[in-house]
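Each of the two complexes below includes chain A, the first together with chain B, the second together with chain C.
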Partner chain A sequence: MSLFLFILVISRFFSIFFLQIPLDMAAIYSLYIINKSGGLIFHKDYGSAGRMDTNDSLRVASLWHSMHAISQQLSPVVGCSGIELLEADTFDLHCFQSLTGTKFFVVSEPGTQHMESLLKVIYELYTDYVLKNPFYEIEMPIRCELFDIHLTQAIQKDRVALTGR
Partner chain B sequence: MQFFGGSEISPSPPAPTASGNNAHMIYVFNRNGVCLLYREWNRPLHTLNQQQDHKLMFGLLFSLKSLTAKMDPTSAEKGNLGVPQLPGQGCSFHSFRTNTYKLSFMESPSGIKIILVTHPRTGDLRESLKYIYNLYVEYVVKNPIYTPGTPIRCELFNTTLDQYARSIA
Partner chain C sequence: MIGVGKIKQYSNVLDKPLAKGKQEVSLSAFAFLFSELVQYNQTQVDNIAELERRLEDAGYAVGARVLELLCHRDKGNRRETRLLGILSFVHSTVWKVLFGKVADSLEKGTEHEDEYMISEKELLVNRFISIPKDMGTFNCGAFVAGIVRGVLDSAGFPAVVTAHFVPMEGQQRPRTTILIKFAEEVLRREARLG
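Showing the complex of A and B:
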């Protein structure tokens, strides 16, 4: 029995270790998911230089939430739903907001295409593996192993499709 | 003007393609956040009074700049979030797009910020912003009766700008 538990723990450790390996040559630098009140509920880094610590990623996420809201106020015409694409000097930020106000945003290399469809895929994974998980409390940080696994697969597949690497 | 190469105003504005009513409005701020110029060509929606609107716009740019500087995935040394950045320091941004508008942004080395709000499907406007900056240098900075740091009241600048805004595709 104890041997079985030991194997279980070890295999779990390895699976976590495997999923955490930073994937180099990134087309996508990182992914954030923020809830409707601006709290960071998921953050994954795929190899950007200089890691942000947890506090900074929380701050950046809530800052983005506010910028998104302000951009709606400054619209010259009615019906603005916030920033979809921010083009910075060294990266692009693509944002997708779901109907319930959850925001998904990816930081990618400048000029990366098809990020909207990737965000839709991530949203689908979120609805399937997070929202349908009976142990997940809504608006709380996401800790779902199946979500992690499928997300890694989706991003890897996207990268292969994009760059052939 | 060394910064942008060439000391003369470009003889022809860059790529004035199909004429249209694409430009919504323009803001020019100096480095202290004073709104030097605000012009609107096509703005059906006003959510705030003008002064509040200018403040909110400047605040948005300031915060977006500190966000992009902090998020920059290519540099390891990013400093702290919220610390004011000097012009040209840290990773900045040049545009963002929403479903109803596109905002293009340029900052000169002296901290002059030019913000152009256009239709979301307009292309890259970095050259247009440089051209507008050239107009500013020619018609405003070289105007002997203009006091730096005060709102721009140069008739010639305004008419040239209006004319150019109509050509932005």
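Showing the complex of A and C:
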């Protein structure tokens, strides 16, 4: 019972950040990548409304990191790996945690399909264009041109597949 | 048992025949190894020119060995004596063995007699590498330039080889060009041979 209330409170809290009236019906609103200590290493906004400044996005990232960790402890099921999906009135939040603790989460329109596979694709792009780059320091903010280019292509392809345009 | 061959044990590893072996290696494995090579060299140097030189030297060692191996395997121990011969050898055979495909193009330089260019849309070694803005014109393709220099030097065609990014209109990513500038003696010998 209290877990349910907890999740409700959390989604209300997130709504304060993500409440928006979508003007261009973008399926994905934003993408965040968090390193294993909870620091934000990558952030991209795709929706036209509800954009945050850097400080707020840093706060949201560390908030989600703590939430994810707490949910692992709170779970009544043994061996829980943390929150995978958070559904609210105005958005859905899909989260993917790699085996190394790096978390990829995407905030999207309610009811968007195939976000899990998109997160897996983004994880693959991360291992390819970020981890194989000799100029990237592990756990630092991602500043890799190739990663940005391929990420845009992947999101574009996904958007075309989802909305048909 | 039928079909079980006896593997002859060689006491000396130098007596073993040069088997073809597995033709392909995992690209990810190579990418990580190359990334570590670049990172290691970065810790040893103070500036970018030095880093480029170190990568070239690493490639030089590879080039010299590749030439020996390919001469034995693919060319039946025949030696190239003409300029165009060695260039097309590098452009096709060496590239095929190292990167799995022939190079995109081989051109003669228009400004100078001694310059030739091998171009590639994107070098295999650069596939996953994004150069940060503050490193300017540094190109990890210096490793490949070193390989080419190693092959040419060991074949008797001393040259200065460098790798450059050439921006192309309409393309987001620049092409890579390996610029080969042959030494004087090579051109004189070539002129003598007619």
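Definition applied: the second predicted complex is superposed on the first by the 138 of 165 C-alpha atoms of A that agree within 3 Å, B and C clash if a C-alpha of one lies under 4 Å from a C-alpha of the other, contacts with A are read in each partner's own complex, and residues count from 1 in each chain.
We adopt the following convention: a contact is a pair of C-beta atoms (placed from the backbone, for glycine too) under 8 Å apart; a residue touches a chain by one contact, two chains touch by 3 or more.
Keep in mind that this is a model prediction, so the values were computed, not measured.
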- Message: A:V107 in the overlay: touching chain B, chain C, both, or neither? Say first, second, both or neither.
- Response: first
- Per-residue contact with chain A, leading partner among chain C and chain B: B
- Which of the two partners, first being chain B and second being chain C, lies in contact with A:T152: first, second, both, or neither? neither
- Message: I'd like to know which partner A:K132 touches here: chain B for first, chain C for second, both or neither.
- Response: second
- Pick one for A:R59: touches chain B only (first), chain C only (second), both, or neither. first
- State whether A:Q73 touches chain B only (first), chain C only (second), both chains, or neither. first
- Message: Touching residues of chain A toward chain B in the complex: what are they?
- Response: 26, 29-30, 48-50, 52, 56, 59-60, 63-64, 66-67, 70-91, 93, 107
- Spell out the part of chain B that touches chain A in their complex, as residue ranges. 24-25, 40, 42-45, 47-48, 53, 56-57, 59-60, 63-64, 66-68, 70-78, 81, 91-101, 103, 117
- Touching residues (chain side chain C, partner chain A) in the complex: 28, 31-32, 34-39, 42, 128-132, 135, 140, 172-173
- Message: Can you tell me which positions in chain A touch chain C when the two form their complex?
- Response: 128-129, 132-135, 143-147, 149
